[in-house]
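Have a look at these structures, which come just after this line.
In the two complexes that follow, chain A is the common piece, with chain B as its partner first and chain C second.
And then the complex of A and B:
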């Protein structure tokens, strides 16, 4: 196991390096010049202004020099400086990361737990009205565009019913502390986390249901039934455990994305997270911020893939790890 | 038909409501309260000497001040300057500063700060002010409360540059001898204004608090301001509807939401406060590309555009149809310029006489949201109706900047501020000396007319306003005849606020001039 993990970590370093180089080249290939965007924001800019900006950004250097400078910093975990926001990228990301972790983490747990429970429930009585209802709902959540769900949730629960706040992370100006602050954040979290979770919940449900049905037709389940085991035990110990492998794969991928944020949800609900930071940085061609977010999210995807592989072994002892 | 009637009624209602703007009411002000304002997009920084986009100026207008303010007719009023005189030859401007003004850190504001701001910081860092300061030979500070600007020659609009976005007063003791762009103080801005910077939670809000030591007795009235960062236009409307914010500055919500929001209880709307900027929209014509160098093609396109439709349908009846290169709120605007009205028959005839031969014309829209997208589609339809082939080119903001800088377009939407005077915000668009590629904000159309260059140069240096008026009339007539751009609308950006919030707009700069005079009437 240790050898496997070490081997994968070494590979991950090279993959991460490749990701960084690819992202760097991709972003620089896109049309748009950060100096021109900043000049636009400065009102009207003359050539001196643009030249000064390019010099400060290092954009007047050849591309390979810029790449080398960037990689030198990246291997030392220096994510660079955002000239547009006048702050180090690591600080910008650190400021936004807690909000994103909270939102995507809660949405992840919510979607995984509810999705698996709904999938198990639906598969237990295949073809029943309960199965049909759950499957239809899942299809609906899966097929409805996220931004529409977000806007409707905000309209219904915030504007019409006035139950929940429709935007933001906490009540601005309220200065709550302790438990009151936690409750305030929780109230603000309900709509964005649920909205974000619905889509993934639908996927987990459908995958769990399909996988459960498939496993339940296998011979060892028949054997278990023949042995006279209780229905609940068969479902839990024999079917579910085997059926969870594809769900774990998917959950691993989603967990990797947690750090990348949820651009649409964060935008509609004014949630101050990484997704929005990245979206705005892309619009402004704020190279340092874009690459910084890609760096972190790339590393997290690799890490969670590794964790997923390890979890496989725990869930299914038949799988053997080889580096 | 019913829909058309409803729409017409909505437009009429909009026009009627705008006829009674909410400005400068004279009840006795009440102190206290919190002002919640939407800000969009989130500004990149708050140091107005370095960044001058709209959101930055809106917040910085509370923190920084200049020597003057301007009423709706551009009459200068004292701000940090108590009085001022202009010499008979129009070359010497002497400002007497207010006594007892302090920066937010307690340091007194003196003439040395004015000299440092204008002569050092802004000459170095502010591209627009740098251009204006080329007219200034020297800045003298005979005593701590007197500043003298000696000009090389008379510069007609000089008294119009002392607003916070163009000439903010910057603390010398903090910036002198430092690298301005990377000075840590940029993140905790310090000015002389009515509000002090308190906190900025990136992606969430900016918090300003009342400057207790402000030099104007009793002002500001409100205790604190929160600028809420809400990136989605629909969510901004929801924030107002649910009472989370009380002021929606112009452009905060999509135009199609304005009629709905204005019907809410205790909601007032005004189109005042944009006189100084005079935002004018137009379509750049790339005259480097054939057949757009043919004036008949350009005139044909101008007559093909149904701008009244755009105003009524896309802008909900807000703003005015442009008459040429100057907004009607800009000094020396002439209303009687040559005819450029919607006339598709005339447009077809002109096109038939022109060198246009069915070429595909690439139209670059402005990536600023729904309204602009729809507008590009409407313009395409107008031009198609007179027999032109038009292809819409999509882009994001950075891509748009790049394409304009590289002159990689045939037609392209834009809008620019005019800063109250043609010499400050209009000539830059038409002077041949300002046409080099590489900037999206200069003479992008590559309009070349030596006569216009000469006239602009002369008009800027005239000291007598009546002489300037006559000169700019000739300039406008000539430019409109040459049609280097397709002028669209003087944009209307209504400010929406609760009616019990008094004076949200009190100068020609509107919400960009700070909320010094705002007070909240208890319900």
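And then the complex of A and C:
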């Protein structure tokens, strides 16, 4: 087991390195000169000023030198300096990361738990109106674009009904502490997390339902029935455990997508996370920040995949014991 | 006093099935301690009838008439709660596929303990202790280790023993065994049959044993019921049904059993061999799955050499894992041998590649075991039969004409051309598989368990077809099988394999009646129904 995790970690380091290099080259292949953007903002775009800017940020160096400098820094978590925000990128990310982790983490757990429960419920009533209702609802969530759901949720629950705050991370100027602060954040979290989670919940529901129905036709379920076990026990202990295997695989893959979805959600709900940082950075051609966000989100996806692998190994003895 | 009494049972199939009833007019009695065999081919309704006793019919299939009286109450009228109490405690069941019948994610001990839990018996430590005794009782080597094991860590025979341990846990009055030995090797089958027989005697338990194998029936049955398309066509004591069958269907089934008395006339090997195998080796290395672990090494084929002469049929027999299928796959170059020579018509194809391999390979064609998965479900028969010849440059119209001829040759109508594989029965599909192999004008056919998935009457027809084709087209055949009866029926010579190596080679009659090695003898001894066969021969 330890060996297995170590092996995966070694692989992950190499993949992360490849991601760094690839992103760096990709950004530099894109048209546009950051020095020109900065100079434009400063309102003084003569050649001398541009050359000074390029020299100051190392943009006049050959590409491989820039890459080497970047990689050296990245290993020490020095991700460069944002000339737009006048702050180190690592600090910008460190400020925003907790909010994003909170949002994506809650959305992920919510979508997985609710998706699996809904899937189990639907499969247990296969063909009934309950199954049809759950499946139709899931299809609706799946088919509706995320940004639209976000805008509508904000409009209905925040503007019309005034049940929940529609934007931000905490009530501005309230200065809550302790439990009150946690409750305040939680209230702000409800809309963005639900919005972000709905799409994924629909996927997990469909997957769980299909997988449960498939497993329930297998021979060992008949064995369990022949033992005289109650339906609920068979559902939980025999069918669900086996049916979860493909759902876990899918969840691991989707974890990366939740990060992608976070960009939209954070923008609509003004959630101060990495997604919004990224959105702003793209608008401002803030290359160092974009690269930093890529790097961190790449690392997050790898981490999620590693967690998936470990969970899989725990759940499925066939992998654990032959591995 | 009968323990179980079934009267006029009718089980309806869902609308749109090929017939209205899975079984009807089913009536029989079971007395304590008796072994009742229900025999029939696939689709005869034998499993459905038995499943109805436990209230475990598949979705959409339901009993519509009759009574199943057990212990004074009609099972068909019991509530789900009453049925739960019955299942596993009074009546229990074992199935055909011992791998898929166990939950892959649960330890064996926990799965046995679950039976006690389901009926609220014993405390958890007591359940565990009982599971251990049960595993001992069913003869699992090292029960302490087995109780901690997951199903995939046990062999097929051991898994079936676990299933039996589970079924016996609460000392039921009736054990329903649905083809429990069909998926097992002949030696393992003999052990499991003996175990069931011993347990029946020790506990006075009644057994309903469902099978398609008359050899098994002859060895264990007290009474026999023969079913055909949902009806009981004959029933009686084992001797009555097996030795003096009244119904033509029963007689046909019994006649279709391949006899062990092999052919005596072995064609003398005059000419040069059409296939020469010299020193064939194949070792499989599977990754250990972890980054640093040691790979697992299986020597599947070790130094195998033999000659196949024109018009000859050689049987390669052995238990699962003996390497017999790997030999066939190496010859067809579906897997690449590590070393050794495979000489087909003068050329060593073991190490050819590219165009040369393609040109030579058509002379050597395979027929596979599973007629369901070996034909492309999305391709019409016309495409299945012409794809090969067209790939080798035959004009389309010529290939189509040839395909129609081939269908006639394997006993199918030319109208089959436009149909898809799922529209055919298992036996018909295997005929299409044979036609597909013949389409490339091979000189050698490798048949890998080609009739193992078929019912005995269909099996006999396909074997006759193969024998007939090999004479008419002077084909040479390698017949890979685990079934010595099938080998006896069709082969001139037999090669016995064990753990990747050839242990014995000789003419069929010699190997089957006077083998040189103890291993071949043990395979022979394990074949069910031998006494019965002698009795039949004596009577006939």
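By our rule, the second predicted complex is superposed on the first by the 309 of 323 C-alpha atoms of A that agree within 3 Å, B and C clash if a C-alpha of one lies under 4 Å from a C-alpha of the other, contacts with A are read in each partner's own complex, and residues count from 1 in each chain.
We take it that a contact is a pair of C-beta atoms (placed from the backbone, for glycine too) under 8 Å apart; a residue touches a chain by one contact, two chains touch by 3 or more.
What you see is a predicted model; the values in this text were computed from it and never measured.
Enquirer: Contact-wise, after the overlay, does A:87 reach chain B, chain C, both or neither (first, second, both, neither)?
Expert: It touches chain B, and chain C stays clear.
Enquirer: Based on the superposed arrangement, let me know which partner A:174 touches: chain B (first), chain C (second), both, or neither?
Expert: A:174: touches no partner chain.
Enquirer: Of the two partner chains, chain B (first) and chain C (second), which one does A:113 touch, if any: first, second, both, or neither?
Expert: In the superposed model, A:113 contacts neither chain B nor chain C.
Enquirer: Contact-wise, after the overlay, does A:219 reach chain B, chain C, both or neither (first, second, both, neither)?
Expert: second
Enquirer: Looking at chain A, which partner touches more of its residues: chain C or chain B?
Expert: Counting residues of chain A touched by each partner, the higher count goes to B.
Enquirer: Which of the two partners, first being chain B and second being chain C, lies in contact with A:18: first, second, both, or neither?
Expert: neither
Enquirer: Mind pulling up the chain C residues that touch chain A in the complex?
Expert: Residues 54, 56, 84-89, 92-93, 95, 97, 100-106, 114-115, 118-119, 150, 152-153, 163, 166-167, 288-293 of chain C touch chain A in their complex.
Enquirer: Using the touch definition from the top, list the residues of chain A that touch chain C in their complex.
Expert: Within the complex, chain A touches chain C at residues 3-4, 6-8, 10-11, 218-220, 222-230, 233, 237-238, 241-242, 315-319, 321-323.
Enquirer: State the interface residues of chain B toward chain A in the complex, per the touch definition above.
Expert: 34, 36, 41-42, 44-45, 50-53, 56, 126-128, 130-131, 165, 181-182, 186-187, 201-205, 207, 224, 226, 228-232, 234-235, 238-239, 241-242, 244, 395-399, 401-403, 405, 416-417, 428, 436, 438-442
Enquirer: What does chain A use to touch chain B in their complex?
Expert: Per the touch definition, chain A meets chain B at residues 30-34, 36-50, 56, 83-87, 92, 95-96, 99, 151, 154-155, 158-159, 162, 165-169, 172-173, 267-270, 272-273, 276-277, 280, 282-285.
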